Each structure stands twice: as C-alpha cells, then as structure tokens.
Amino acid sequence: MKRTLFTLLFLLLGFMMVAQEGPVNVIVLGAHPDDCDGDAGGTAILLAQMGHRVKFVSLTNGDAGHYARGGGDLARTRIAEAREAGRRFGVEYEVLDNHDGELMPTLENRLKVIRLIREWDADVVIGPRPNDYHPDHRYTSILMQDAAFMVIVPNVAPEVPPLEKNPVFLYAEDRFRKPYPFEPDIAIDIGEVFDQKIYAMAAHASQYFDWLPWTRGQLQNVPEGEEARLAMLAKQRPFAPGPEVKECLIRWYGERGASVEHAEAFEICEYGKQPDEKEIRRLFPMLK
Amino acid sequence: MKRTLFTLLFLLLGFMMVAQEGPVNVIVLGAHPDDCDGDAGGTAILLAQMGHRVKFVSLTNGDAGHYARGGGDLARTRIAEAREAGRRFGVEYEVLDNHDGELMPTLENRLKVIRLIREWDADVVIGPRPNDYHPDHRYTSILMQDAAFMVIVPNVAPEVPPLEKNPVFLYAEDRFRKPYPFEPDIAIDIGEVFDQKIYAMAAHASQYFDWLPWTRGQLQNVPEGEEARLAMLAKQRPFAPGPEVKECLIRWYGERGASVEHAEAFEICEYGKQPDEKEIRRLFPMLK
Amino acid sequence: MKRTLFTLLFLLLGFMMVAQEGPVNVIVLGAHPDDCDGDAGGTAILLAQMGHRVKFVSLTNGDAGHYARGGGDLARTRIAEAREAGRRFGVEYEVLDNHDGELMPTLENRLKVIRLIREWDADVVIGPRPNDYHPDHRYTSILMQDAAFMVIVPNVAPEVPPLEKNPVFLYAEDRFRKPYPFEPDIAIDIGEVFDQKIYAMAAHASQYFDWLPWTRGQLQNVPEGEEARLAMLAKQRPFAPGPEVKECLIRWYGERGASVEHAEAFEICEYGKQPDEKEIRRLFPMLK
Amino acid sequence: MKRTLFTLLFLLLGFMMVAQEGPVNVIVLGAHPDDCDGDAGGTAILLAQMGHRVKFVSLTNGDAGHYARGGGDLARTRIAEAREAGRRFGVEYEVLDNHDGELMPTLENRLKVIRLIREWDADVVIGPRPNDYHPDHRYTSILMQDAAFMVIVPNVAPEVPPLEKNPVFLYAEDRFRKPYPFEPDIAIDIGEVFDQKIYAMAAHASQYFDWLPWTRGQLQNVPEGEEARLAMLAKQRPFAPGPEVKECLIRWYGERGASVEHAEAFEICEYGKQPDEKEIRRLFPMLK
Amino acid sequence: MKRTLFTLLFLLLGFMMVAQEGPVNVIVLGAHPDDCDGDAGGTAILLAQMGHRVKFVSLTNGDAGHYARGGGDLARTRIAEAREAGRRFGVEYEVLDNHDGELMPTLENRLKVIRLIREWDADVVIGPRPNDYHPDHRYTSILMQDAAFMVIVPNVAPEVPPLEKNPVFLYAEDRFRKPYPFEPDIAIDIGEVFDQKIYAMAAHASQYFDWLPWTRGQLQNVPEGEEARLAMLAKQRPFAPGPEVKECLIRWYGERGASVEHAEAFEICEYGKQPDEKEIRRLFPMLK
Amino acid sequence: MKRTLFTLLFLLLGFMMVAQEGPVNVIVLGAHPDDCDGDAGGTAILLAQMGHRVKFVSLTNGDAGHYARGGGDLARTRIAEAREAGRRFGVEYEVLDNHDGELMPTLENRLKVIRLIREWDADVVIGPRPNDYHPDHRYTSILMQDAAFMVIVPNVAPEVPPLEKNPVFLYAEDRFRKPYPFEPDIAIDIGEVFDQKIYAMAAHASQYFDWLPWTRGQLQNVPEGEEARLAMLAKQRPFAPGPEVKECLIRWYGERGASVEHAEAFEICEYGKQPDEKEIRRLFPMLK
C-alpha cells in the first residue's frame, strides 16, 4: 500500500519534471529482438514511468536464432514477441528487416540508424560495445559509432531533419575484457522494476525458452508454466552488479549504492556528446 | 458551368464505383522527383478524381541534377517540390534517400521497392523500361522488375505482409528503339486533365525551369511568370500520341481515339500479372 | 516385353558408344531446387540411361519459397527433396547455399559457377534465359553467361584446372517474348521418359504440392495420394511442344517430330561454343 | 611516290581543317589491352593523321588472359605492349588497374569512365555492345552506357569539370545477333591504313601470338618472324565488311563503298547525342 | 635408438588415448599459404603424431606475394607447396581461391570459414589476432571472430550441419603491442619437432627463399642447397619464447618450462568457448 | 632582421642537406579538406622550408560538411580552398572524389591510397588513428593501415611501381583515450611557424568560419575581418602540448622542449617501418 502511494507520488513528480523540461528521448539499439531488453530494460521502465520516451530497435529480425524454425516464419514470431515486450516495458519496439546473423556495417545500415536516431529526436543512444561474442552485436556497435556526429550533419540523409546536438552515446555493460574491460560511467539501480524487466523479457519466448536454452544444451530443463519460467529467467539473469559497477553505483547513489541488488550500467562512448554530472542527472532523472 | 456539372457527375459516378469494388491502388516508380509525373501524371489525376489511390515514388532524392546547387540543400528543395506536385496531382508523393546519379540495383533497394508496393497494396505498378538514356532510369526499371513476383513471397521482407496477388506491372512510354521499341498495350486519353498535369509538373521548378533547360543550353529562354512557364512546358511536353500509341488509343476508345491530342501509354511487363481486357478496364476505369 | 528388350538394346548401344567416345558431361543450372528438373529433366533421364553424366545445380537453397515455413528449416527440406529427385532422375543434384530470392550476379557467385562447370568437365551447360519472371532466374542466367569463356582461362579460379574447350551453353525454353521469344535450336522428344520426369519432379513436394499451388490460390485442390499428385503434375506440366518447338522437332526427328507429345527444347547461347549439327548429335545422342 | 605525295597533301588538308574547327576528340573504351585496337584502330590512325586526338583505354590490366603467366608480371607486359601499340597507332593508350576477368559495373568504375571521358573532352566515345562473349566486354559496355549523359552533370564527379554536351556514343562492330544484330550507322574505309593497323595490333604480342592462338589450340602454328606474324594476323583479322556494313559503306562513300576491302563500322548508341549526317561527317572527317 | 623407442611408445600412448576419447580436431586459419605453418606448425606435428586431426587453411591463394611472378601461375605453385608442406606436417592443407592482398571480411568469406570449421568438426580453431602488419592477416582474424558462435547456429549455412558446441578459438602469437600485446594462455614446447617444423615450412620455397628475403633486400644471400636453406630458416625463425611466453611455459610445464628453446603460444579468444585447465589439457594432450 | 638572417641560414643549411641526401617525401592523409592541416601543417611548413616534399591528401571531397550548401557546389569550394591552403603551407594538396560522410574501407579506396603513397615515393605517411569521433576519420585510418606493407608488393596495383621499402607510418595526435590514449613517439616544435599554420588553415573558410562554428552553435560569433578570424582560429586551435607530448618534446629537444608552446606529435604505427632515433632525425631534420 505504502509502496503504491510512493509509486504514485514518484510518477506525479516525474510528470511534473517532464512537463517543465520536456521528456528525455532515449533510443536503445540491439542486434536481435531481445538484446535491448537485457541491456537497458530496467532503465527503460524507470524512464517510461517518469514520462520519458524510450524506443528499442532490433537491427535484425531474428530470423536465424532458432534450432528448428527459421526465415520469415521465425521473424514474424520475433516481431510479435518484440511488440509484446515493448508493451510490457512501456516502450516502442521496432524490428528492422535485416537477416539475423548477417548484419554488416554498410552505409545503408548506417543511414537507417541515423534516421531512427533523428526521428526519435534522441538525447541518449544506447548500444553494445564493439567487442562482444556475436558478430551482429559487434556490427551493431560499429553502426552506432558510425552514426554518432553524422546525426547532426544536414547533408547526410537530407530527407530527415538533423538533430541540433550530437546525443550522448552509451555502451551497455558486457563481460568482455579485451582490448579493455567495460568501464561503467553511469549505473542505475533497477531493483524496484527488476520483476517487471524479467516479465517483459519473457515476452521473447522463442529466445529465452527455446533458442538460448538449446544453445546451452538445457532445452529439456525449461519449465512450462509462466511463473516457473519467470523464476528461471530471474535466476539466470539477475543483473547483479560486479565490483566495478558496484563502485559506480556508490558514486551515483552514495552509500546505499553498495547494497543495490540489480543494476544496469553504461560507459560513455567518446564519439558522442560528453556529458557532465549535471547533464547525466538530467538525462537519467532517477539519479536525482 | 456545364463542364463543372459534368465533372461533378463524373466524380460522383467514380466514387460510386469505387464504393462497390474498392479503389484501385496504383504506385508509380520514377528515378527522380519529376519522372513519375511525365510518365503517368494524367492517368493519376483521372484515377484520383474517380476515388482511386495513386502514389508516386522517386527512388532518388534528386540531389545531383542541377548546374549550380547540389547535395542536401538541393534534395530538400526537390522533396518540397515533389510534395507540392503531389498536392496538385491529388496523389501521395514519396522521395527515397538515394543519391541522384548513383542508383544501383542492389538487394537493399529491391527490398525497399517491395515494401513500398506491399504497403500501398498495389494493383498496378508503373515504371520505366530498362532501356532509357539515364542510368538511374534503367536501374529503376531493373528494381521494379526484380520486385515483381517477390512481392507475394512471405519470406521476403517478412516484416511487411505479402500481397495476395502479383500486381500488373507496366512500363511507361519512352522513345528508345533498341533492343525493341515501346509497344503500347494500354493508352489513356489525358486531354481533359492535360492542363492540370502541366500545372502539377511545374511544381518541380528546379527541374523544369532550371536544370533541364540548362542541359539544353536554353536557360536564358525560360520565362519568369507562371503563366508563361506553364505555356512553355505545355509546348515542350505535349504528350502527343505517335502512330503506335494512336493505334492503341483506337483499340481502347474506338474511332474517337484517333483524335486524342494528349495521351499516356503503357506496355505490360511480362513479369507481373498478365491482365485481360476486362481486368484492364477494371484497373483503368476511365476506359470503361 | 518388346519395349523392355528395346530399352535394353538401347542401353547396350548407349554404353558401347560411351565406351568409345567417352561420356558426354552435362551440367544444368537452375535458381531453385526444382528449376533444373522442368528445364531439362527428360533430357537428363535419357542421357543418364545412355551412360552419360548429368548434374543438376540449384544456385539458391530454396529457403524462401513457401507460405508457412522458411530459413534453414525449409532449406534442409529442399536439399533432401533435391537429393531424392536426383536419385529419380539418375543425376547428381547439388544445392548451393545462397538465400532464395536474393541471388545476385556477384563475382563470388560467378566463380562458384565456373568451378562447378570445370569440376564436372562439362561439354554442355544448360540454364535459363536472362528474361524470366523471377529475379533469381534472371541472375542465374547472367551468372551462366558470365561463366562462359572464363571456364577456359587458367588465371581465373586458378585452383581448379581450366577446361580445354569452351562448352556449348544452352538456354532452356520459357514463355517470355521480350526482347525476343525463345528460339529453339535443339528439341528432344521426352515422351518415353515423361512419366519418370513427372515422378522425379514430384520429389520436390514442398514446391509442387505446397508453394506453387499456394501462389495460385489452389492449395486446397492439391490431392493427398501420390498417384493423384503425379496425375495433377502431369496435367499441369505436359511439356507439350508449341509451334516453334514442333518445327524444331521436325528438323531433328523428321516427320515423326510432328507427333511428339512431350518435349524439351534449347536455344544455343552465343557466348559458348557454336556446335554444328554433327556436334549436336554427338552431345545429344538420342538425336542420332 | 604518288601515294606519299597524296598522303602529305591529305595530312596538310587535315591539319588545315583541324586548325579551323579544332580537333575532334575521340576516346575508345575496351575491356582488355588490345580490344580498342580491333574495334577502332584504323579509324584512329586516320583521325590521328588528320590532327585529331584519339585515346584508347583498356578498363582492365589484362592480368588474366594467358595460359602460363599471370598477375602483375603479366599486367606490366600488357601495359608496355599497349604503350607500344599506342605509339604505332598515333594515339594515347591508358590501361586501368582492374583485374582482367573481374570487371564489374560498379559506381566506382562508372565514375572512372566519366572522368576519363571528361578529361579527354570527348566528342565521340566508342565501346563494345552489351552483348558479347566475354563478361568484361559486356560490362565495359554497361559502364560506357552508364557514363552517357552523366558526363554533363556537374554534381557527379564534381572535381572534374563536366562536358558541355553529351558526346556521341558509338558501339563497335561485333558478330552477335541477339537480342538484335549489330546495325551499322557509320562505316569507315580503313584500306589505306590496314597494314598499319595490323602492325600496331601486333604490339600486343602476348595476346595475338601467345594467348589467343592458345585458346584456339593453335599455339604451335604461330610463326616466329615479325613479317610472318603480321601476315598471320592480317589473314586472321581482315576486317572485311559483311553485307550490312557494305551497305552502310555505300551509304557513306557512294558506289566505291562496294569495293572497300577493310572497314570499321559503328552503331549509334541511343543514350548519347544523336548526330545527323552533317555532324557525323564533322566527327569523322575522312567521310567528307 | 632410445629416442625412436620413446617416440614409438609415445605414439602408441597417443593412439590409445585417442581411441578412448576420440581425436581432437584442430583447424588453423592463415591468410597465406605459409602463415598457419609458423603459427602452429609444431603443435600440429605433435598433435598429428598422437593421432589427432589437424587442418591448415590458407584464406588466400598467395597469388600476389612475389617480386617476379603472379596470378594463377604463382597460385598454382603456392598450392603445390602447401600440399607438400601438409604432407611434411602430417596435416591436411587447403588453399582457398581468394586473391592475395585482397581479402575482405565479407559475409561470403565468413560463411566459407563457418563451413570449413563445421566440416572439420573442430574442437579448436587457431588464427591471427586482429592487429598484425598485413591487412590479409587482420581480416583473417576478423573472419575467424565472425565465425565464432555462428558455427552452432543451424540457420546459418543450413546445408552444413552445425557444431554442437562453440569450439575454443585461439589467437597465435605475434609481436604487436597495440592496443594490447599478445597475452599467452597456452604455450607448447615444440623443441622435439622443431627440425620437422622447419623442414615442413621450407616446402613453401617461393615464400621463404624467394619473396620474404626479397622484401628484406636479402635475396642474394639465400643459399642454394636444401641443408643450407633449412639452416637459414631455422636461424631466422627459432620460435624462441620471449618473457611472457616463458612464464606461460612454466605455468604449463613447471620448472622445465624455463628451459624450453622453441615454443608456440596461444591466447584464448573471448568469443569462443572458454576452456578451463582440464579442458585445455584434453585439447592439447602434450600438456598432460 | 636577425630572425630573417637566421631563417635564410636555416633554409640554406636545409637545402645543403637535402642536396646531399635527397629530400624526405612525406604524405599526409586526412578525411576532409582541412584534416591534414591541423594534424601536420606546422611540420609540413618546416619540412617544405628545408626543401623536403610534402603532400596533403583529403580522401573525401568535403561535399557534406555544411549547414546550408552541399554536393558538387560545396565540393568545388572545398577543392579551391584546399588548393589555396596548399599554397600557403608550401605543399601539394589533392582532394579525392569520395562523398564526405560516406568513406568506406573498400579495396578500391585502399588501392587509391597505395597508388598515392607510391607515386609520392613516400618515406613517411601520416594519418589519423582508428579511434576518432568521425567515421570518415576512422576509415581513413583503416585505409592507411591497409596500405602499409602492400605498397611494396609489386603484384598489388601493378601499374604503379612498388616502393622499395615500407615507409614509416605515423598517427597524428588526437584526444581519444579508448582503447588506449595517443602515445607520442615524435613531437615537433612548430612555434616558429604557428602563425603560418593558422593562416594556411584559414584558407578553408567554409570549414573554419562556416561549418565548424555552426556545429557548436557559434556561427553568430565568427568575426568578419581576416585578422579577427585568424585570431579566433589561433585561440581555438593553439596546438598546445599536453603532458605526454611535453614529455616527448623534452625527449627530442632536451630541456627547451619543456617551454614549447605549439607542437605537433606523432605515434609510430606498428604496421610500417619501425625507425630508430637516427632514422627519425633523418626524416624530421628539424630535430637534428
């Protein structure tokens, strides 16, 4: 009960602030219809609750990542799952029509990303780092990098008006350590919405309950009921902060950062706007 | 006055027929923001007046065809002119963001064309033949050909539902004679709307009054006032039927076809649906 | 009984000739796993019966042409069907791993075709004309054209020894009339093996009994039993000679050519070896 | 003696005319370092003698067409041979650095051709038709077609000033009959310079005395001495006019056209300037 | 004598172990026909002696790396040398038909690598790091990275069955220090087979005794006799462990690692399976 | 007066040294027509004054970087500005015809860079690092890396003779810190020519006084007069050495390095020749 009141108050405050300053527009780029979710889903829920605008984009249509199905049939399932996930996150979810497993850093794809960023009037763009285990992830990162700055050049993709300012570009957290490990600059406590994040992610049933367990030889261990599935996913993906992220949480939340259980963290890409602390708190108002 | 009444009656009848059978959806593909206009502008006006839906698409943004300007600046002018032309024709006008003079028959561009045809739920697709003086025109034709049939394949561009039937694909008239001259299968008397066609075309001021006269060394002869410009354009582009088109007009209009002064003609592409006479009269109800 | 004896005699004679002159090596290029079959399946059976070597190659893996399935799942079905069809035709059947609906005339694909022709030591290469309703068909033709002559150049694809002579390249029959209609130079009476051709084609069940009927809105009319399906296919695809092919049959078979009921016809491509009558009779010994 | 006097007089007249009207600039495009020579070598000699400017361009470096050598080593030989041939023809000879056997109609290559045509300030551009036995020939033709008109567009390849007028584009003669046979519009009597043409062609020793005989299995029949080689080449390549070219010669030379023994013929491409008779006689002053 | 006995015993043990667990399958990717040899040749000999299966693949055909020869002629020499080297190493050696000096990280090439890894049923894949002096080396590395994980996705290259598990991907040692120096995770004492490695490498005569000395201006110092050449090569390429590799050797071999004279070392790529010590000892049984 | 004498003496000494050893040939690669200037303009002036040869190359024609103009019109302005800047620097300035904002690391572009380096007979090649905020900068770096070593391979771009030795490749200074910060190996005191550098840079008026201020929202603050503009530019771009560069200056200049006010610094790329101190002093004789 208390919590509901608090939430309502929080929402009210959020909308009041948004009304004053205008909403923050965040666009998250992922390679597959589920990548944005893990990377920034909690942050997205928090922002959406406060009245800000978040959009998830999958650069491929996910038509390859399955052991038994494939092609347009699979893509259509993935698109439907993404739509449902978007509903659960409270964000818009768009799926581009590139083949899964074949994303290349072409000029064509760069221009698509530029247009999406502009059309969303993005203040913040989030995507993977260029080192990650899946080539589609790496090239999503390259495409994000290659769109930075170009989004303000009027002669590039001239049919879409350029942004006035280069957005802040952020890398989402990953576990890879070469050529250098992820260095968190911003960390968000997503404890309050962790359950909702898991629930929203679970909309990608063909990913989390078909394909990914299969790649680990665990298909037979996936439970049937929704509750059990949510529990499994929550256990597999706790988004528990490691030492560096914990340190970053303390920087942003003070002492209480040390006890955060579920978090999302971001590293500032050097090719976008370099925000100072005040700007970061404006863009991520849950840090205020 | 009489003409106004007639027009009203005509419109009324048109809407009545459309109401019964549903509108005919026509999409016209051109390389540059003015190509659709000459190819099928009169037909478009007639169809639009009858309540049918016509869309013009320019596959390039026209950012090269000028002697003094270029790039995004020119593209934005061209897009604005196309929008105004669309208003005058009574059609939707979309301009894709490919560089003028650089259109290539890539898979990417083919997929864009497939999506446009599907999204318009097209019954008829009109474009240039693959032999024409400008490479962009030739590759527009190739892209149209390469989209034929593929528009009904659900696994191609799976995020857009396929058409149920392959549309009728038509080539617009041109003057080229190799490997074989244009062979009109359908011819439309556009006399009644010729003035409107010229007026709508004139919206592409940077084409008809800047660039094209310049390519002929006639820039200094372009008059200033609108009326004079419309007269010049009407004189240069009378769309007067040649012998083969005249013959085709007689086939469709009977004797009175021989005296048609302004016409547009189309050749049926072998890669789309092959319509019989009845089907053609349904798709082009002005022939009824 | 008499027929069996005749067939045995025929086979015996065939092997005797082959023993003397060596077998004729024929490679047939199609876009999808069933295209070679219709184009040259009867001829292939006849050649194989005489001890000659025939290979069918599908340049795409057929992973798009279906209304409900797609991707690798569909491709694997298509490959299995092609293997079975090859068994029924008595030929080798190879399926390349290009996406269906996305075949492009790249240098990479050209080199693949060159290698296949060389590895088969082909005397004859058969494929579609560059005008056909499906872009994959057209680009298969372009790739075949682009391989002609290059198969004898040792510096091209140097890891595979070049052919000593440019093979004869042939276009299979189609119904398209522009820029010019199919002009048969060679026509083969396939009456004797027509049933076997239909039976072999029927191995592509996902094509002939799923996808193609669906494209015509006839899916509900496809019968279940094998016999009924073979009858349906035989009725739909009688390979009955039209006037030009009939004329060509008479040229090759004399008077009895006029009564041929099922035929396959080929047009000599100008980019390969130009065979005289004697050479043609050597390459197609059923004409002797 | 008389002939020498005549030649001198001819040269004198030529230079006088050139002085009055300025030289005609002709650029010939071939796929390999010897293709321009056969196509237009006699015409080039005649034009050069009259003071006009001719340039030959090979779009590939010829690094594949040999049975025993290849790569840069072969390319350097081919470039040296082309230079010597140019000297003998009296023309400039440029060899581009594309791999032989791998020429593709890319935008990059199109732009190179556009720049070359502009830098030569060409009045006439000559190249192959798009139907020919070698893919490099076909794509040379496509590149020539794709450069037509674009050479006058200032925004294309903006660092090289555009031509003021679209040149006349001509196809050189070939023997291919589909989709339609070569249709000569212009024919030049090269009898007077036939020996010089053969002598100049012979500079491509690695082509005419190594590779091409090898492709015909005639390598052992190539003589050693220069005279014998020239005789062999003259016999193999007489450039004797066929019926259509003979007819065209009569159109241009009157009665004496019927007895011309060695000729070069050209078909006007529809994508360039369409010259009238007077213009053709200005561009090919030997026809005056 | 004693050594022969030991070797026999060793081989016997090797085969016994292999018989129990099945052989380890290792595939080594290099850019040129000699790159695999230096990177992993000693390890390959040791594995082959123990009954495991090793395959070397050169992604280009080596048709450029020579001062006087080139093209198909050179490629054929390189392929023959690779075959001989394979014989000497006791491994299979395949040479792909990409131009030397032109390797690009295309989807086509990625798919080729995926197929090779699958067809070899690889447990271990070895290749260069993405920072190296030759672009072909760098792009070989990218292609290896881009194949990781994709080898288990059934919808990618569906005609070849996917691997059940992502293999271990390893980088071979190099001297480059940016963005970070090579970090050895595994080091193999190759002292016992060092002479055989040098002898096998020497099969690439056109590399080690023609081209590479030429690039250093040392061509005149290359001796003629085989023995002298082997001595030269052994001196130039001692594969002597540097400080980091020495440390790694001690980790794996204990104290005696400090005195290893010839070694090969590998860094674990983060995009493949991350093996623990036990797994590494299973994959590299000479470490047991 | 004294300074003039000193300069003369300096120039004299410079020319004497150049006469003895031959000039040093330096080529600087930038993405846009002004990038070389900031990166190495002062060094270029100093080298040119001493009689060495420096060339600046812009890999794109700068046809996008403007808020109001674009295309060929803008490119021509940029080319003219580059020419004027080259005059002021005392270097050759070439602008390639790639679209600004669309530079890709294609083989075509790599070959162009290889040819330029060879034709300049370069001892030193300078360009950006592969991490920088603009994609064109990053791909310029990749193209430079991909040209290293290949410039000595005779079979690559065989029509241009290869260099005898791999040049020294240098990265120019930037502010980016990931994956690792710029590490200066060479630092040049440009104090003496700082004013000239600013004056030369100012030739790119459409960059420094139109576009770049616009991107910062400072267009209205750009003064009109030349003197004021030079002052503004000098203030914005002092090229003041940071701590690492200062340290490097001291290494090269001794104590007086600590007080250098304007400097340019370079990091040695691992893919080119690795020069020792003596070699560096020969290549940058102002360090002697």
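Observations
Order of writing sets the labels: A, B, C, D, E and F. Residues in every chain begin at 1.
What we mean here is this: a contact is a pair of C-beta atoms (placed from the backbone, for glycine too) under 8 Å apart; a residue touches a chain by one contact, two chains touch by 3 or more.
No experiment lies behind these values; they were computed from the predicted model shown.
Under the touch definition stated at the top, subunit B and subunit D share these contacting partners: C, F. Taken together, subunit C and subunit F share the touching chains A, B, D, E. Residue numbering at the subunit A/subunit F interface overlaps only partly, since under half of the positions present are found in both copies. Ranked by separation of Cα centres from subunit D, the top chain is A.
Subunit D maps onto subunit E through a rotation of 180°, based on Cα atoms and reported in steps of 5. Averaging Cα coordinates per chain places subunit A and subunit E 39 Å apart. Annotation: 51 Å between the Cα-based centres of subunit B and subunit F.
With each centre defined as the average position of its C-alpha atoms, the distance from subunit C to subunit E rounds to 43 Å. Shared interface positions of subunit F, i.e. residues touching 2 or more other chains, are given as 63-64, 68, 70-75, 154-156, 158, 179-180. Taken together, the chains touch in the following pairs: A-B, A-C, A-E, A-F, B-C, B-D, B-F, C-D, C-E, D-E, D-F, E-F.
Within the complex, the subunit A residues that touch subunit C are 63-64, 68-75, 99. The part of subunit A that touches subunit B in the complex is made up of residues 61, 63, 71-73, 75-76, 79, 95, 97, 106, 108, 111, 115, 154-160. Put simply, subunit E touches subunit F in their complex at residues 63-68, 70-71, 74, 100-102, 104, 131-135, 138, 176-180, 215, 217.
Those residues of subunit E that touch subunit A in the complex are listed here as 107, 110, 145-146, 148-150, 152-156, 158, 164, 179-180, 270-271.
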